[in-house]
Structure formats: C-alpha cells, structure tokens
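Heads up, there are several structures right after this.
Across the two complexes that follow, chain A remains constant while its partner is chain B and subsequently chain C.
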Partner chain A sequence: MIRLLRDVREFGKNRAAMMGLIVICMLIIIALLAEVISPYDPTKIILEDKLQAPSIEHIMGTDHLGRDVLSRIIYGSRLTFQLSIIVVTITAIVGITVGIVSGYYGGIVDEILMRFVDILLAFPSIILALVVIGALGPGINNTILAISFVGWLSYARVSRGSTLSIKEKEFIESARSIGSGDIYIIYKHVYPNVLYPNIVLATLHMGSVILTVAALGFLGLGAQPPTPEWGTMLNEGKEFLRMCPWLSIFPGLMIMITVLAFNFIGDGLRDALDPRMKEVVIK
Partner chain B sequence: MLKYILKRLGIVILVVVGATALVFFMLHYIPGETPDVIARYIFIGNIEIEPSNEDVALISQYYDLDKPLIVQYFSWLSESLQGNLGTSYKTSQPVLDEIVIRLPATIKLAVVSMLVSLIIGIPLGIVAAIKQNSIIDYICSTGAVIGVSIPNFWLALILIMVFSIYLDLTPVMGSGSVEHLILPSITLGTGMAAVTARLTRSSMLEVIRQDYVRTARGKGLSEITIVGRHAMKNALIPIITIIGLEMGHLLGGTVIVETIFAWPGIGKLLIEAISQRDIPLIQGCVIFITIMYVFVNLIVDLSYSIFDPRIRYER
Partner chain C sequence: MIKININSIGIWIALVTIVGLVAFSGCTDKGESDIEKIGVEQKLVIAEVWGISSVDPAIAGGTLNNFLVLETLTFMEPNFNLVPGLAESWELIDDTTWRIHLKDNIKFHDNTELTADDVKFSFDRNMEKNPTIRGELGIKSIEKIDDYTLDIITNKPDAAIPAALSYARAVIYSINSVEKDGIIIKPIGTGPFKFEKYDKASDILELGKNENYWNGAPKLDTVLIQGGVGEASTRELAIEKGEVDFTTEPPLGSTERLKTNLEFNVIVHPLCQGYKLNFGNLSKAPYDDIKVRKAIAYAVDKESIVEHILYERGEISNGMGFVPGIEWRNNDLVGYPYDPQKSKELLKEAGWEDTDNDGILDKDGKAFKVTLYTWPQRPALPPLAETVQSQFKEIGIDAEVRIMDWSAIKERLNDWGAIRVSGGSTSMRIPDPSYYLERSFHSKGASNSYGYKNEEVDRLLEEGRSTFDEQKRYDIYYEVQEIVVDDVADVYIAYHNLAVVTKSSVNGYIPNPSAHDYRINPGIYIEE
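On to the complex of A and B.
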C-alpha cells in the first residue's frame, strides 16, 4: 500500500506523463459521449456539402461525400479505443498466462512455447499481421485477430523472465513447504509480482496497437469505409491531398496525439514503478 | 567462435523453416483458396464467371491442391529450396522473378533510410548524453518520444504536402532519380532516428561514467578529445545492435512507405498481392522479407562479437 502511494506520487511528479493522462481521460470522455458531442451524423452523405474547407459550421471541414470530419474523428476515437482495449486485453491475458506457465513449469513446456515465440519473433511484427489479413481478408475483426496474433509475445517474454526470477525466491519455497499447490502459488505469489512490469508494457502497447490499427486502415486492409476509423479516413483523404489537406491533417494529428499520450504515460509509469527497467522494447 | 556461429546458424535455419511452415499453413488453411476460385482468377480473369470442370481439375492438379496440406507443404519446401517459389495467380509469372526485380528498390530505400536515421540519431544522442539533464537533453528525449509516436504514413503525407505540393521541391511519387528517394527515406529515417538517439544516449551515458574517461579528463584532455577519441569508440559498439533492432521497423515501414510513394519494392508488391489475394505471391514476399530480417539480425549478432572482443560466446 505504501509502495503504491509512493509510486503514485512519483508518477504525479512527471509532467509529461500527467499531461498524457489528462489527454487520454479527455479522449475517453469524448469517445463515450460521441453521440452527444459530435455535431453531425458521421456517416451521413450530403453531396452538396462535399470537400468544404474548415469553417464555423464544419470545424475540420467535410470529406468527398460531404461528411463532417470532426464528427467522424469523434466516432473514430470511440472505435480506436474499443479496438485497442480489446487487443491489449486479449494479448495481455494470453501473454502473461503463457509467460507464467512457461517460466514456472519450465522443461519441455517452456521449450515448446519459447520455440514458438522464437518463430513468431522471426517476422517483423506488421508483416505477420499482414499474413493474417492476407489469409482472412480485410476488416475490423480480422484486424483485431491479426494484431493480437503478434501482440502477446512481449508480455510472454517479460512474464517468463519475472517468473523465472521469482521462482527462486525463498517465499515461494516456504509456500511450497507448507503444502500450497501450484495454482495457488501462481495466483497468490507469482502473478502479483509479474503484473508490475506488464502494466508498463500494456500502456506502451496501447500506443503501438493504435498505430498498427491505423496503418492497416490506411493500407485499406483494416476497417472498411464508411466506418469512421482514423487510418481509413487518411486513406480516403490522401486522394485529395492537393486540394483538401484538412482531410489528411486532422485524423493523423489525432493518431499522433493519442499515441504520444500513451507513450508519455508508459514512460512515466516505467520510471515510477521500476527505475531499473529502462528499456522496454516493444515488438 | 566457429562453434558459436554454427550453433546460431542452426537455430536460424530451424526458425526460418518454422516460419515458412507457419506462413504456409496460415495462408492455405483458408476457405477462399479453392481450385474453383483460382481457376476463375487464372483462366477467366473474372471472379464472377463459373469455370469448367476440366479447368478446376487442372488447377487443382497443377497447384497440388488435391493433396493433403502437409504433403503440399513439403513439396513446396523442396521446390523453393531449388529456387521455385511458385507462380503468381494474378500475373502467371514465377514469384521469385517478381520479387527479385523489386529487391534492389527495397534494399536501396532501406539502406538510405538507415543512413538518415544514423546521421540524425547518433549526433543527437551524443549531445544529449554529454549535456545530460540540460535543455538539449530534454528536447532530444521529448523529440524521441514524438518521433516514435508519429504514424509514418501520416508523416509521409505531411512531407508530400509541404515539399512536393507547396514548395514543389521533390516529386510526389515514383522512382528513378535520387530526388524520388528523398521523401521516402526521410519518412522512414526520422522514426528510426528517434530510437537511435535514445539508444546512443544511454550507451554514451554508460561509457562517460567509466574510469578511463575520468582518467582522460584528469590528464587535462579537452572535452572534444575525450568524447571523440575515447568515449565514442566504446559507446558506438552497442549502436550496431540498433541496425538489427530497427530492421523490423524498417522492413515493416517499407511496406507502408513504398505503397504511399509508389516505390516499386517488395513492400508494395506484398500489399498488392494481399488485396488481390494472390496467395503464392503473398507467401513469397513474406518469406523473403522474413529471411532478410533474420539474417541481418544474425550478421549483427556475429559482428557484435568481432567489434567487442570482451564478448565471448563460447560456452
């Protein structure tokens, strides 16, 4: 408890991280209140209003089908958060479980799981996501699958490492000597200790998931039109780069701000939770 | 040393075989890839028209689709070891030819981008380390976070907007001249420069605290000599690993950047293959990119032990 308080205070001193936290809270509120806040229907086509420059009526202008860019960005933030939270949750659960099982039991289980991880790590991560999309076809659900297929690796590695070092501690041995079962020991002693580094990882992972979702959308392989997804919006907008730059500027700006905020929070958490853990490398 | 190299090579080969198996089974265990659909692509070129039964039988025989998947995989593997990666559904060209034509473009882009990243990243990292906790250090570290947070496809669009459209300095897309290379390599290079600067800074900070640097300072050497002659040599060794680390970013990034700038490389080919569901071509591109990635990392690992004799791998 004292440790937690100290960590919170440490985190609060980091100005960049606090700013990131405020930005993310605001974005989440915007995403939750999308119906209330957004001035127009994000998918309603009004061809008379197409390609209008930013004005009082349309703060971020309109796209080639006359849809309000601001409204689409607001609904896009909802989609972005939904997708990235789903992906991060799935990958964290799978990765932490695999990592703990692998590290705790060792032996042949560890060997098989880690060789599988090695094989997946042989791919540049977006390439592996593209293989999944190539096999299953484009779309939001396949985007989730594709990114999750790659994302759990970092969690598994980090969790396995922490489990290996915790396994050797005396308190695990004493727990075993008083007759605790493996499941109990994992749940009660290993899991809480493994969680800390994974929190940092998950925050930084949010940023990289948002980038990948948008990248797939931009390549036309993620969310399909007319879904208001930031990457997909950029893909549609790039055709009008010369005449209507606002179609390309605003969605990208939103992606950058969101990712930046998560990265600041992640860095702040890392410094606060464990100053020794200086370089978490996200795959 | 030789033992270590052989051992690493063995692991790498196993990983590559595993990776090809994974890609093969993922791409072939899908509902879309039936002889019927392929026949529509190849013979008719129109997905709507029903192919004849003979065509379907011919296709299924030609692509071994009538055999079990595991048999298909091993016949594909033995064929690819002989340099035959299959035939594209779309263009009916050998996959290997399609890839080899585009390989130089991708390598050119990757190498130039890596240079951009090192030229920007290393000096920034060194300055940030020497002036630790100064305003320059602060700007550098914030800049590094911003650098990894900018989506490269967006950066590309902004660069096109500023340099091609408003200033009219560079061509928008295509390839051929040096000018065509400027924007794509800046797009890819700046994101990686952020990572480079970060790693250079931390590696430099470690070296600067060593005794021999203090000795050099004690001798009264100037700061420039200390950094340039003594600290830098050792600080730059870990930077070799950057090349391995960033290779993943780079090869993934080329996919996006090549598509935006219509740069005729493997990345663009892969995206086109995916949108046309040209399975042999997807497979060929992915496996080619993966092998490049794995082997560059192997070479980086091995060269690390040559540059830094303190590292001994024998066990």
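On to the complex of A and C.
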C-alpha cells in the first residue's frame, strides 16, 4: 500500500505522463459518450454534402460520401479503444501465463515455449499479421486475432525473465519449505511481482496496437466500410489528399496524439514503478 | 480449413507499392540526360493499372494487342466499325465455313513473311493453351488452303466470325515465337511496335519501333510500360512527379484538378464498360424472386452515383451494357430509374416486411441481410458499394460491404444474399452484339456465373448467332435486350468513362471506346 502511494506520487510528478493520462481519459470519455457528443450519424451518406471544407457545421469537414468527419473520428476512437483493449488483454493474459509457466518450470517446457517464441519473433510482426488476415479474410475480428497472434511474445519474454529472478528469492524457498504448492506460489508470490513490468509493457503496447490497427485499416484489411476507423479513414482520404487534406489530417492527428499519450504514460509508469531504472538514468 | 490466399488485397497492395516504388525510382533517371542530345526523345512511359506478368500471347494477347505488338486478322475501329486487318477480305463459303484471304505484304518483326501457317499456328496455340479463347471464338478448326488463304470451320453457322477475329486475344504471331516444345521465346508479331524485353520482377515491358510496319512506321521510338500500378493515387503521383508520360484512371475526384493544370492533357471518353450489381445466385433465395430483383434495381439512385461517385466520369445506363452510338443498342429501353417507393411496394408484394420494427425487412423469420462484395483496384467501386449500402438501408435491406480480391469474391457468391458490385466488364470486345449478350445472358455464357437462365433468351441468342441477315440479327438482339432488362438479370448502374492523363508534350492519342481499357495508337508522338 505504501509502495503504491509512493508510485502514484512519483507518477504524478511526471508532467508528460500526466498530460498523456489526461488526454487518454478525455478520449475514453469521448469514446464512451460517442452517441451524445457526435453531431451527426457517422455512417449517414449525404452525397450532396461531399468534400466540404471544415466549417462551423462540420468542424472537421465532410468526406467523399458527405459524412461528417468529426462524428467519424469520435466513433472511430470508440472502435480503436475497444480493439486495443481487447487485444492488449488477450495478449497480456496469454503472454504472462506462458512466461510464468516457462520461467517457473524451466527445463524442457521452457525450451519448447521459448523456441516457439523465438520463431515467431523472427517474423516481422506486420507481415505475420498480413498473412493471418490473408488466410482468414479482412474484418475486425480477424484483425484482433492477427494482432494478438504476435502481440503476446514480449509479455512472455518479460514475464519469464522476472519469474526466473524471483523464483531464486528466499521467500519462494520459504514458501516451498512450508509445503506450498506450485499453483499457490505462482499465484501468491510470482504473479504479483511479474505484474509490475507487464503493466508498463501493456501501456506501451496499447500505442503500438493502435498503430497496427490503423495500418491494417489503411491497407483495407481492418475494419470494413462504412465502419468509422482511423486507419480506414486515412485510406479513404488518400485518394483526395491533394484536394481535401482534412480527410487524412484529422484521423492522422488522432492516431498520433493517442499513441503519443500512451507512450508518455508508459514512460512515466516505468519511471515510477521501477525506481532502480530511474536511478540509473539519473546517474 | 485455413486456406492461404496469396492474392489477398493487402499483400497485393503492399507488393505493388514496393515494386512500384523500386521500379519508378529506376526508370526515370535513365534517359533524361539523353534528351538534350537528340532533341525530343520519342519515348513514352506508361503506368498501367494491371500487372503484365506474362508475355505469352496465349495468356497476355490482349495486353500485347493493346500495346500494338501483336495484331488480329480484322480490326475494330474506334467507331466500332469492322475493317480488314491482317486479312484483306473474308467470305462465307457455306454455312459453317468462312474463307479468309490474308494480305500478302506483311512481315513479322524478324523480317519473315506472314503466311497462313503462322495464322493457323497462332489460332491453334491460343485455343489450346487458353480454352476461354476457344469458347469465345466458336471456331472448330482452321484449314490452310494456300500460303495466303485459310478456311475457318465453325461448329454451327456463325455470323459473328469476322467480328470475332478482331478479338484482342485472337492475336497472330510468328511460328518462331516459340521453341519446339511450345515455350515462348518472345512474342514476334506484326504490329507497329516490337517486343524488346520484359522484366518480370519489376513488371516493366519495353517495346521498340517497328520501322517496317506495313501501315507506316509509328512515331515513337520506345514505349516503356510499368505494369501493376493498381493504386489510383500512385498513378496520379507518378504522372505529377513526371515519372511517367501516360496513365489512366487517376482518382475520380482529381479529374477536375488535373484538367486545370496546363502541364497535363486530360481526355475523358466513353468506354463500353460499366458499373453494375451482379446478383450472387439467381436460382437461390432471395434473388430467385423477380420482384426482389426489381425492387433492388429501383432502389439504386443512379443519377446521384454518376454525379457524386463517378464525378461525371460516367453516364446513366438503360439497363444494358451497350453505350449510345452502337447500332444494335436497343434505344427504347429505359432501365430502372430511381424509385424507392416502388421498391418498397415490390418488396412488400414479395413478402418482405418489417415485422419486428428493427428497420430491417424480414420474411419467415429471416432478416434481409445481404453482402456487397467489391474490389479496390477500380477507385469508384468501394465508395459506390458504400453508397448502394446506404440506399439499400432506405428500403430496409441491411447490407454489409466487403472489399477483397477478385478471386476471393468468387468463392463467396453462393452465400445467401451475396451481390457483386462490379465495374469494368466490357460489352464490346468484338464489334458484334453476340459477344456481350451471350457471355452474360446465355445460360451457358462464360460470364454468367450468377445462373441466369431464360429458355427464350437462349433460343434467340442461338438464332441470332446463326442468322446471316444483318437486319434480322439486330431485331433478334433488340428483343434479347428487352427480355433481359425485364428479367433484371443484373442491375446496370452506369457506363464508365475512361480518363487518360498524359503530359502535355504527348500528342496524337486517339480515344478508342472499343478498347479494354485503352489502346495506344501509332500516331502518338512527343513534342516539346
């Protein structure tokens, strides 16, 4: 409890991280209240209003089918957050489990799991995601699958490393000496200690997932029209880049701001949760 | 079963982008320093939408024909008239035999003479290697009479043969083009340009001038074709950066902007192609009900699609693929003008009603949920599909848009409610009504993948093919068009107008509405 308070205080001192947190909180509120906030129906096509420059009626202008860009951005943030939270949750659970099991039991289990991770790590992740989508077809669900397929690797690596160092500690030995089972030790002692570095990782991972989702959307493999999604909007906008740059600028900005915010939070968390690392940096 | 589809669009786009970038950065630097030395270099660099991928005439005959390497026995002129090509004349000997007289002054690019042997060889090889060519030509066999005379024997009396000989894939090439085992060395043709080289990795085809062309040498010395530039915005950037001299189909919204730029010529001309909805399977619910098909035809707002999606690069259709100006077009037809009210009534008559008040029609507990499949290579298709989706919503049909590769779409057309939003299918590959009508609407037609079957139409089409009296043929085909539009075999939305963008230094391009999608002409030249 004391440690937690100290960490929070530490985090609060970091201006960039606090800014990031505020931005993300605002975006989450916007995403949750999309129906209330967005001025228009994001999928309503009014061809007569196509390609209007930003104005009072349409703050971010309209796209090639006359849809309000602002409303699409707002609904797009909802989809982006949903997707990235689902992906990060799945990958973190899978990755942490694999990592702990691998690190705790060691031996042949460790060998097999880690070699498998090595093999997957050898592929460029976006290419692997393209292959998965190529096999399953484009769409939101397949996007989640494709990104999760490669996303859990770093969690597994980090968790395994932490587990290896923790399992040598005296308190594990003491727990074992009083007859605690493996499951109990993992749950009570290993897991909480592994969690901290993974929280940092998950925050940074949010940013990269958002980028990958947008990249797949941009290639036409992510969300299918007319679903408003930032990457898909960029893709639609690029046809009109020379005439109506706002179609691409606004979704691009949103992607940038969100990813930056998550990265700031991640950095702040790392500094706060891992004092040693900070000391090293300061020295 | 997981099936890896390497043709999937994403990989395709990624590869094309990479290949395109590499290729373009390579092909521009060359030659620029030569320009000063020899005045205006007569070299044309083309960014082509589709990949070339092969130079075997049996596979890529149409491409090699469009770029004037290989020629056909008869030619279709831009005004759809049939004129002699490599053949001087043709006559009907009996019901199933056409006699072809070749011109006797034609030489191949390797200076050997064109004889009946080459023609027979080309036809036999094309039809053997590519069964679809056999199907489209309807030729049983070819007999050599003497060096400059051939007989074409058909299965049934066939009035369309002279027109079919102009088919872009019925190309003639020298026997020396292939090795003994039938593998292509290089295409040796008779056209104004000769094949120099083709680099498969970068998809660049290089052509040189044929000084001895039988109809006068072309003006260009070199033609470089960069294949597979599938993205409209990539083509636009390539021409604006000066990397290419000639390209087609820039992004739809850019036409106006490019027109106002004096550095470019923008030519928009009609093409015998169009945008339409193809029902996935006409023999299955819900599209086996003609009322449903009619309702869908009335639900599409063609006028606003032409104005806002095609940016006037299109024209409303009469329900058929023939553009105005073609002799055998049935000009009495009006198609299905936008009328959502009529749509709703028709659907109600067909039993589709919104009983659970969710805004989507249903019948026997089944909601009217359809899928619109389309592909990204034609820039108008995705926004067109999205617009149709929103227009379907107005009449209570819930549509999902899926954008994927051509081959992947094919597998899904049998799913309930599948519709293909397609563009590009051409109605005038040969100057004869039979080609498009038979392919699309005969129950055994090559493009009739959606299972349209009307015995009366089948009978008329067969009769039309074997009738030699021109006026009688036209009457038959007028009737076919009427029946097919009445049956709503497909929903023809609009004709497509092609936009060609060239640097302003490129002169002499003649628009050719009969081509697929465009054909260069020997008169093109570069001027300062």
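Everything below uses one rule, namely that the second predicted complex is superposed on the first by the 274 of 283 C-alpha atoms of A that agree within 3 Å, B and C clash if a C-alpha of one lies under 4 Å from a C-alpha of the other, contacts with A are read in each partner's own complex, and residues count from 1 in each chain.
Operating definition for what follows: a residue touches a chain if its C-beta (ideal position, glycine included) is under 8 Å from a C-beta of that chain, and two chains touch if they have at least 3 such contacts.
Because the structure is predicted, anything quoted here is derived from the model rather than measured.
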Looking at A:125 after the superposition, I want to know if it touches chain B, chain C, both of them or none. Which is it: first, second, both, neither?
first
Applying the document's definition of touch, where does A:263 land relative to chain B and chain C: first, second, both, or neither?
first
Just checking: does A:51 make contact with chain B only, chain C only, both, or neither of them? Give me first, second, both or neither.
second
Chain C versus chain B, contacts on chain A by residue:
B
Taking the superposition as given, does A:134 touch the first partner, chain B, the second, chain C, both, or neither?
both
For A:219, is the partner it touches chain B (first), chain C (second), both, or none of the two (neither)?
both
Should A:64 be classified as contacting the first partner (chain B), the second (chain C), both, or neither?
second
Quick one: is A:229 in contact with chain B, with chain C, with both, or with neither? Answer first, second, both or neither.
neither
Would you check which partner chain A:238 touches, where first means chain B only, second means chain C only, and both and neither mean what they say?
both
Once the two structures are superposed, pull the chain A residues common to the chain B and chain C interfaces.
130-131, 133-137, 219-221, 238, 241-242
Spell out the part of chain C that touches chain A in their complex, as residue ranges.
2-6, 8-11, 13-14, 232-233, 236, 251-254, 257, 304, 307-309, 376, 379, 382-383, 385-387, 389-390, 400-404, 408
In the complex, chain B touches chain A at residues 11, 15-16, 18-19, 22-23, 26-27, 29-30, 32, 142, 145-146, 148-154, 157-158, 160-161, 165, 199, 202, 245, 247-249, 251-252, 255-256, 259-260, 270-271, 273-275, 277, 279, 282, 286, 289-290, 293-294
Residues of chain A that touch chain B when the two form their complex
16, 115, 118-120, 122-127, 130-137, 207, 211, 214-215, 218-221, 231, 234, 238, 241-242, 245, 248-249, 251-253, 255-256, 259-260, 263-264, 267, 278-279, 281, 283
What part of chain A is in contact with chain C in the complex they form?
43-45, 47-48, 50-51, 64-66, 130-131, 133-139, 216, 219-221, 224-226, 236, 238-244
